[in-house]
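Have a look at these structures, which come just after this line.
Okay, so chain A shows up in both of these, paired with chain B first and chain C after.
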Partner chain A sequence: MSLRESLASGQLHGYRQDLFGMLSKRWVFVALTVVPALAVFGFVNMFPMLWALAASFFEVGAFQPSWTWAGIENFETVLANSDFWASIRRSVIFAAGSVVLQVTTGTALAILLDRKFSFKRVIRAIALVPYIVPTAVLSFVALWMGNARYGIINQLLVEVGLISEFIAWYGTTDLAMLSVIVTSSWKFTIFVTIIVLARLQSIPASIYEAATVSGASRWDRFKDITLPNLKGVLFIVVLLRGVWMFNKFDIIFILTNGGPINTTTTASIYAYRTAFSDFNLGEAAAVSTLLFVLLVGAAIVYFYFFEPSQEVRVE
Partner chain B sequence: MTVEVKSLTKIYQVGSSEELAVDSIDFEIGANEFFTLVGPSGCGKSTTLRCIAGLETPTSGQILVDGEDVTQTAPNNRGLAMMFQDIALYPHMNVVENIAYPLKVRGVDKTERQERAREVAELMQIPELLNKYPGELSGGQRQRTAIARTIVYNPSALLMDEPLSDLDAQLKVEIRKEIQRIHERAGVPTIYVTHDQSEALSMSDRIAVMNDGHVMGIGSPDELYESPENTFVAAFIGNPSINLVPATLGDGGGDRVTVDLGGEATERELTEGRPVGTDVEVGIRPERVDVLPDPDAGKLTGTLELIERIGDRRLATVDIDDGEIRALNLSTDTLAEGSTVSVAFDWADVHLFDGESGEALAHPIADVQRNEPTESV
Partner chain C sequence: MSSDAATPMEFWYRLPYSQREKYYNWALNLVLSIGLVLILFPIYWMVATSLMSPEGLFSLPNPLVPTDVTLETYRSVLETDVLLWYRNTIFLAAGVVGLTTVAATLGGYGLARLDIPFKKTFARVILFGYMFPPILLSIPMFIFWRQIGIINSLPGVIIAQTATTLPFSLWLMWQFFQTVPYSYEESARIIGCSRFQAFYEIALPLAKPGMIAVAIFSFAIAWGAYTIPTVLLTSNSKWVLTLGLYSFTQQESVLWGQIMAASTMLVLPTFAFVYYLQKYILRGFRATRI
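Right, the complex of A and B next:
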């Protein structure tokens, strides 16, 4: 019997009825939508987190399978180590610098893209490229662009006359952190742009027009309409970018490997080194656990002080 | 304060083609005049208003406010006020901040602008809403807030772009009154855009009827209703719409002609001469047409197609040979749909339009002249 015939006879209709009936059951629906995501989350996120949490209370060597109970010894060692605190400080600098740069340039780019002008699509596409390209690829491109001998950035800056000689952007202690911040922002700015642009486009044009006719200048409109409307979304963007940049590992690891002379060894690089150079897995787990606690604490403070429920006004 | 629009033209670039939205229109709005631009959607009325506001740049032509050319002036420096169809309150500001915003951008200090916003809110009967946000207001309250916001800074003219079209009928009437009250009080020209002819008729001192980027007719509501310049204005103004029945000019020709309709003829004087045999349209308002149960009693015979109730009146649609006739005067309550009836009207009540150009050739004869024996031949 063909599909058409089945439909005509109403037989298929019966099967569909049963299918819809089953899917409409609450527990079936919940299971189908939530369980897969939960399973992945549990396997990829929760399990390693709990594993690390457990490991932080043991002495775990890389070459011996047995764990030895150590209590809070790992934490004591880590907290007493000035290298750990220095790495935290670098994470904060890296996160704060990246967030400021990404949010300001990202918002500016969004405001630009919100206007009508020619080549808008081209610019949007170009801005999206670094975000789509894998971090490793982008990092190597950045490394070559900033290369002290052949780098195009050096070439351009010398030609323009901003610098007099080639600079090892990622290899100079004074500049490495700044260079890493700029490179990471190059990649992630468009994230801010995409979210801010979505919000900008949801602001009705008539609100701007009403303000314009009633005497508001371009600056007034930006300050009194655009910015207040962006508050809520910027709150979320700063939070997300802050957390992600604080934990950033890959781009820094590839660009500088934490160097030169540890100037870019952020907390996550420090944790990696503890685990895979010093082979002290227990201590590395303690570092990770401390980072987790620190971020949760920071997020709570952030939410407490900025009261997003008031800022994120949904009409 | 006056507003003048001089040969205003606006052409939009749509892809590679050009779209003429407004085609060289002229009008002048006097001090304290309530002026309405009315027409079907896409007729260019909103574009005209937006050009006056400065939100659109005219392709050519001039906008004069109080005799001063503001065509090149930025919209925020024109000193006008505008109300929008979607009200456009600032969702992140409460009512008092919304009302006071035009004062804020003018650099008025905080206590004074709060004071003035409060006064205007009082005037609009919304003083208790000052600390609420637009999302918490009803439709009528939002409208009142929006009106308050437009008058708080004494603008030189009020522009309104279909501000009532999203309201329910009852609220419409209420806010309509408010707008007129505010217009009186502000003492400045108001330019009001609507697609609703009844709104235009009830509110305006003068109306410009627009179609396809042109002004088809301009005048007071009475003028447009009594002596429309062409069939478009005649058909657009008045609800139910005017009846237009084709006819041919008979004897005479020139200024004085006879019109044959349904075997009867009348002699009329034309504003412009037309030769014998010219196709014309006879226009007659449904208010002036009677439906009679006797098929032979009236001027035209037809089938009573439909009786509809419009408010307290009944509208009859009668099918005749050359189309249909709408009539509001039903001689008896017993008329049945489907029966053969006749329609009657007074020759003095008819308009004549040129069949081709739609231009008006004759208007109803004023009541004072009615008794003179000019009627049927």
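Right, the complex of A and C next:
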């Protein structure tokens, strides 16, 4: 019986009423809504995190489950290793470069798409496509297009005369990091575009009209209407993209595997090698614990300084 | 000062408003077109490469439009386990989307509406779930999954992969339910609806755009999942297609044509998906504000 019918008949009948009544008991309702999410979150997010936090204080055997108490030895080893610090620096460069590139181009693309133009539906769909292209596919296509002997990018650039000979985009120490940042931004920029475009569409057109009528230039409208409205979403987008790019693993792993000569060995590649090449799980756990502490610290500072003053409640 | 000595700026502002708007729009359309070319070209080149013959692939310069179109690479790709991996990818994506959407919708509603202690703290802490590198979440998962016997199985990967989709989805639904006016549900309660009925028949339909946004977000991640399946799937009959791409790289050579053909098979069907759901993508993500 639908709600409308129940209302028409004035009351609820039969077992549905009993069922709904049972489901509406406070503890049942809490169990039904919050508990599944909490259980999954606890099982796949909290549990592995706590495991790794604990493991960072032990020497963990890779092949047999033996844990030997090591105190802060793992941390001492990691912190004394200059490779670790170099990898953190590369993660910061990778994350900062990616966030700047993605947020600026993503916002610009969203503004471009939030206008009137023909074939809107098709063009918007095209713009959203990179969002669902798998990272592995993107990586292989990029490796092929940037190939030092056959890459189409090299062919085209030589043809128009921008470069004189073919370049190994992912194999040159000076270029690898930049190439990886640009490649990953091809895909992840669209996340910014989607969120910003969604927000732009909820700004009433009448505000822009009123501003235009009272003589505001395009730049004024952008500065005084668009940007303030985007502040909230940009805050969260910068946070999420920053964290995601800082911990990014797959695209770097496929594109360069940390090379050439470690120029793209970010912290997560470093942690992967510690765990799966050196089979030092305790130390790998210590690396991830340090990354976690670093990111949480950065996030707290970020929230403290930049959080938009109040939460928006639409009622 | 005579008028024919005008600077470009003066000339520009002397144009009527409608004409200036027209030129602005042309300029912006030009920028948008360049952007679209940059987005489309890699996808085009992937498809074009998959249609080239092996000899054409390595005879430079490649023509921008392949001249010797052949389906030979597709035939050789289909001789491998690619359809099996494809099926596994679909299974993984369906599982992750289902699990994430259900858990995030219910949880988001609970966090937005129910009076639970510490819920606000919890809702903020959710996003901290991303601050741990996923590659390192997979190590404890590997060890523990092996103990409870779900290692090297797709259900095991579905649960594990949810670690990367659930935090943002839960947060998004929490935000989304805050934009659904509570007064509708209150009215329903006053005229005698139970709490569950108010949720099921009023809040849930209104939250549909948010649910679809969550489904698309988790689909995009699950369809391209790589890191966690790499660690958790050890036998290649359980592989998903993203891992299968690696089987076309050999010791000395990389079968670019085959990789591009398999990639095309993985990417093209999702285009229809984006085309038909774009309205919901944008509507669902509209709730993301702080």
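The rule is short, and it goes like this: the second predicted complex is superposed on the first by the 294 of 315 C-alpha atoms of A that agree within 3 Å, B and C clash if a C-alpha of one lies under 4 Å from a C-alpha of the other, contacts with A are read in each partner's own complex, and residues count from 1 in each chain.
Following the convention adopted for this analysis, a residue touches a chain if its C-beta (ideal position, glycine included) is under 8 Å from a C-beta of that chain, and two chains touch if they have at least 3 such contacts.
Because the structure is a prediction, the values reported are computed rather than measured.
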item	value
Partner chain(s) touched by A:V301 [first = chain B, second = chain C, both, neither]	neither
Which of chain B and chain C A:M145 touches, first, second, both or neither	second
Partner chain(s) touched by A:I72 [first = chain B, second = chain C, both, neither]	neither
Contacts of A:A271 with chain B and chain C, given as first, second, both or neither	second
Touching partner for A:T33 - first (chain B), second (chain C), both, neither	second
Contacts of A:V213 with chain B and chain C, given as first, second, both or neither	first
If touched residues of chain A are counted for chain B and for chain C, the larger one	C
Set of chain A residues, in rising order, touched by both chain B and chain C	313, 315
Chain A contact footprint on chain C (complex, rising order)	24-25, 28-29, 31-32, 35-36, 38-40, 42-43, 45-46, 49, 57-58, 60-62, 99, 102-104, 106-111, 114, 116, 126-141, 143-144, 159-160, 162-163, 166-168, 170, 178-179, 181-183, 188, 191-197, 199, 201-202, 216, 219-220, 223-227, 242-243, 245, 256, 259-260, 263, 266-267, 270-271, 273-275, 278, 281-286, 288-290
Residues of chain A touching chain B in the complex	204, 206-207, 209-217, 220, 224-225, 228-229, 313, 315
Residues of chain B defined as touching chain A within the complex	53-55, 75-82, 84-86, 88-93, 101-102, 104-106, 133-135, 149-150, 153, 159
Chain C-facing residues of chain A, complex	2-3, 6-7, 11-12, 17, 20-21, 23-24, 29-30, 32-34, 36-38, 40-41, 43-49, 51-52, 55, 65, 109, 112-113, 115, 117, 121-138, 140-142, 144-145, 150, 152, 155, 159, 186, 194-195, 197-199, 201-202, 218, 232-233, 235-236, 239-240, 243-244, 247, 249-250, 253-254, 267-268, 271-272, 275, 281, 284-285, 287-288, 291-292, 295-296, 299, 307-308, 311-315
